[in-house]
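The two complexes that follow have chain A in common; it is paired with chain B in the first and with chain C in the second.
For the complex of A and B:
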């Protein structure tokens, strides 16, 4: 067991101005949760050109790992988790601006429900439509998809509920579970390693929830080159999991 | 951890009941997974229970875990795992070895299984009950009184004879459909004919009752605790059933048909997932408390 309550891991490929906004919002959310002093914020510079300036990252209160060659999203997260072991890990995209109450709500859920291994958070696009409120699974090639995506968030239900998976754009994971599964699967180039992680967690008896009390902002898919890496990730995911997950109603 | 073993993910009532049972337990805080050969998950009804390959489950299961059996032949290899054993008794046919196994806890779905275990094997049971998918419950859709349905897999001869004798009804077979399709169909259908003589399981009739159908059933083994002849359905031998159904379908009996449908729906609510979940929550505080971590 480690004394670090939480390690927040933010892989980033460039996009410094957005990353700084992300770090500022994260700081407020950690502060509101009373977790600032017991947490480590780790930025993984995934081969940015030019490299992320260390002094700017340090000024935002974060640690920095620099990767000179580009690695998978999974690898970037796993490296940081290995370097800063913690009771909980939070995977956070650099284009997510957390609401102040989000981390407190997520930590409270994991404390309240001992079998909860993963907790996601409700997120909206800048126009107020839903980006994420949990991931559900459809038949055939449909596979995993975001529930109620692009629907007006203020009209959509806010019942905290269990899912088969949540997005890794903002995902709180119990450290015990992370170590049990050996982190994210590095075979995925970019995308769906988070869903794979949730499905594996559930096979081990862990439960996956999505907090709906606050709405963070997620711009989504701003990382350069993301779309080229999506396709092989999806192919891999479907080859491993299609027909092996149940279908949500 | 609870490992619920099933032999297949295919279309069979026992598969769905097993998954529903596990879904409720998981939502109540029990750690569990369904183990199936090949790790294939059923794609014909909605649920969110995790599935793993049976071989992996057998490698990982420990004496602290529970192995739940519902398919009697599974007992042969599960007894050797050293895990604690529970039999989820959905029917009574071919369950002799399960009832007689000294190390197995018996969880029963129906009163008939309770009685058999107690009276013939001297066994204590935990009545976990059974439920049908909430999707079947009628939401006030318009009922088409002359639409009739049956499942042709068992008792096709009875269905054919009935259909020929009652040509005023539009008879439709329910076959090869997934659960949402069957729900939509039953919710509009006026009559459901259950033709599986001595059926051990009996869930299709209950699903039809939840959907507000008038159920006419041949005698069955499972399900007799909710089928009350003349009150919420008709139960009779095939030749009598045909005649009674014919009489009941006379235009002058419309009120009686509607009354029986309402009673059928009311009966089915005792088998709503909420009802079973409440029962399981109670059991997890008592005889099943060890199932919580």
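For the complex of A and C:
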């Protein structure tokens, strides 16, 4: 067993000022959870041009993996998880600013429910509308989508509940489950590998939850070129999973 | 098909400060050689800790002249040469092997793009990127001349060299200077230990001043690299002038320096169109690669002669 409680993995393609804000907010959240000393924060520089400056990443308390070619989101995360094994992994997007209490809340949920393998987080857009409060599934080509997305967050329920999937923009995963599934599926170019992971976890008997206690900020899809990579990922996901997940609502 | 065996070679001379990163980034090669030039720090100890075979070499003013000797000692099919202040990225193993697998049957040597760091800043303007370096080659296909920072020669001809476009292969990451002071110190060291032609009759100080003007015009690109770009351009211009004086000082008998006459002559030696064109090509490297790719495709379509 490893002594590393948590490895937080943040792939980033450029966006240094945003990444530094993300790291600062993450630091506060780890501190509040009492997990700072037992955690590793890993930034995966996914072919930024120019490369992310190593000393500034180190100054923000993070380790750095540099990739010269652009790799899939899954590959970037898997590489970091392999290098820094841990009891838990947190996948975090560079455009998510965590609230101080978020990590403590997510870790507490996994401790409280032994069968919980994955925990997501409630997130809002800068205007206060909901970005993520769990992922649900629609019929036909609709597939997975974010529950209550863009609805005013303060009016939406905060009941902590189980889902079939949550977003990998901020996702806490039990290390045992990560190793059992071999990490994210690298066949996905960019997007929906997180949903694929959750569905595979549930097939193995693990449960997926979303914490609703705090609201972190998620700007969403700021990475250049993201939308072009989404389409083949969605096609692959639907070819694998359509008809195998349960329709919500 | 079995994968080609790769030998990594790093030359050291009191390189302890940067060697860890260089060797750690080569941990995946099949054979690792460190050629040490009488280091008095922990370079050799670090090399042994990384499992490198250490070769000792006498102290010589220019490393390039001894490179050939140790490339010949490698046992790999391919040789990957890094300087001790360089390192490769974490995905280099798959990128290097991928490059060899895809292009290795058509080419004998690869020029790899290089990121040059000045402190924390990567210098991208003024032709400093991609700054191609011939560092990955089939054993025996490349020879280094005995001079500072002179590109090696691909013995099988330039047609067997491929410049790997950024994104299609690994970069070399070169943490060359901590700051401008270190740049000045190193440039002076190179200038003082370089070789200069010995014929006094062929000396022309105006040619050095012309090179200084070229450096000022082409290296300065503040819109890309900020003030550091201007500082670097000034150092490189100063370097050209220093080299002219060192060259002149080394000649016997010394020819006339003719400084006052050399300045206006130097100004005439560098046509503006050339500076503009070179700056354009330096800035629009993606376009240059695009044109090269189009050129290669067209050449492939044309019927082969003979």
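Methods note: the second predicted complex is superposed on the first by the 249 of 249 C-alpha atoms of A that agree within 3 Å, B and C clash if a C-alpha of one lies under 4 Å from a C-alpha of the other, contacts with A are read in each partner's own complex, and residues count from 1 in each chain.
Please note the rule applied: contacts are C-beta pairs under 8 Å (C-beta built on N, C-alpha and C of every residue); 3 or more make two chains touch, one makes a residue touch a chain.
None of the values given here were measured: they were computed from a predicted structure.
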Based on the superposition on chain A, does the combination of chain B and chain C result in a clash or a fit?
fit
Just checking: does A:246 make contact with chain B only, chain C only, both, or neither of them? Give me first, second, both or neither.
first
Is A:108 contacted by the first partner chain B, the second partner chain C, both or neither?
neither
State whether A:32 touches chain B only (first), chain C only (second), both chains, or neither.
neither
Quick check on the superposed pair: does A:207 touch chain B, chain C, both, or neither? Answer first, second, both or neither.
first
Is A:238 touching the first partner chain B, the second partner chain C, both, or neither of them?
neither
Could you say whether A:163 touches chain B, chain C, both of them, or neither, answering first, second, both or neither?
first
Should A:18 be classified as contacting the first partner (chain B), the second (chain C), both, or neither?
neither
With both structures superposed, pick whichever of chain B and chain C touches the larger number of chain A residues.
B
From chain A, separation angle of chain B and chain C (C-alpha centres, steps of 10 degrees):
150
Can you give the closest approach of chain B to chain C, taken over C-alpha atoms and in whole Å, for the superposition?
33
Per the contact definition, I'd like the list of chain A residues that touch chain C in the complex.
47, 49-51, 53-56, 65-71, 79
Of all residues in chain C, those that touch chain A in their complex:
88-92, 95, 115, 120-122, 124, 166-171, 173
Residues of chain A touching chain B in their complex?
113-115, 139, 162-164, 199, 202-207, 243-249
Looking at the complex, which residues from chain B come into contact with chain A?
1, 19, 26-27, 29, 31-33, 39-43, 45-52, 135, 293
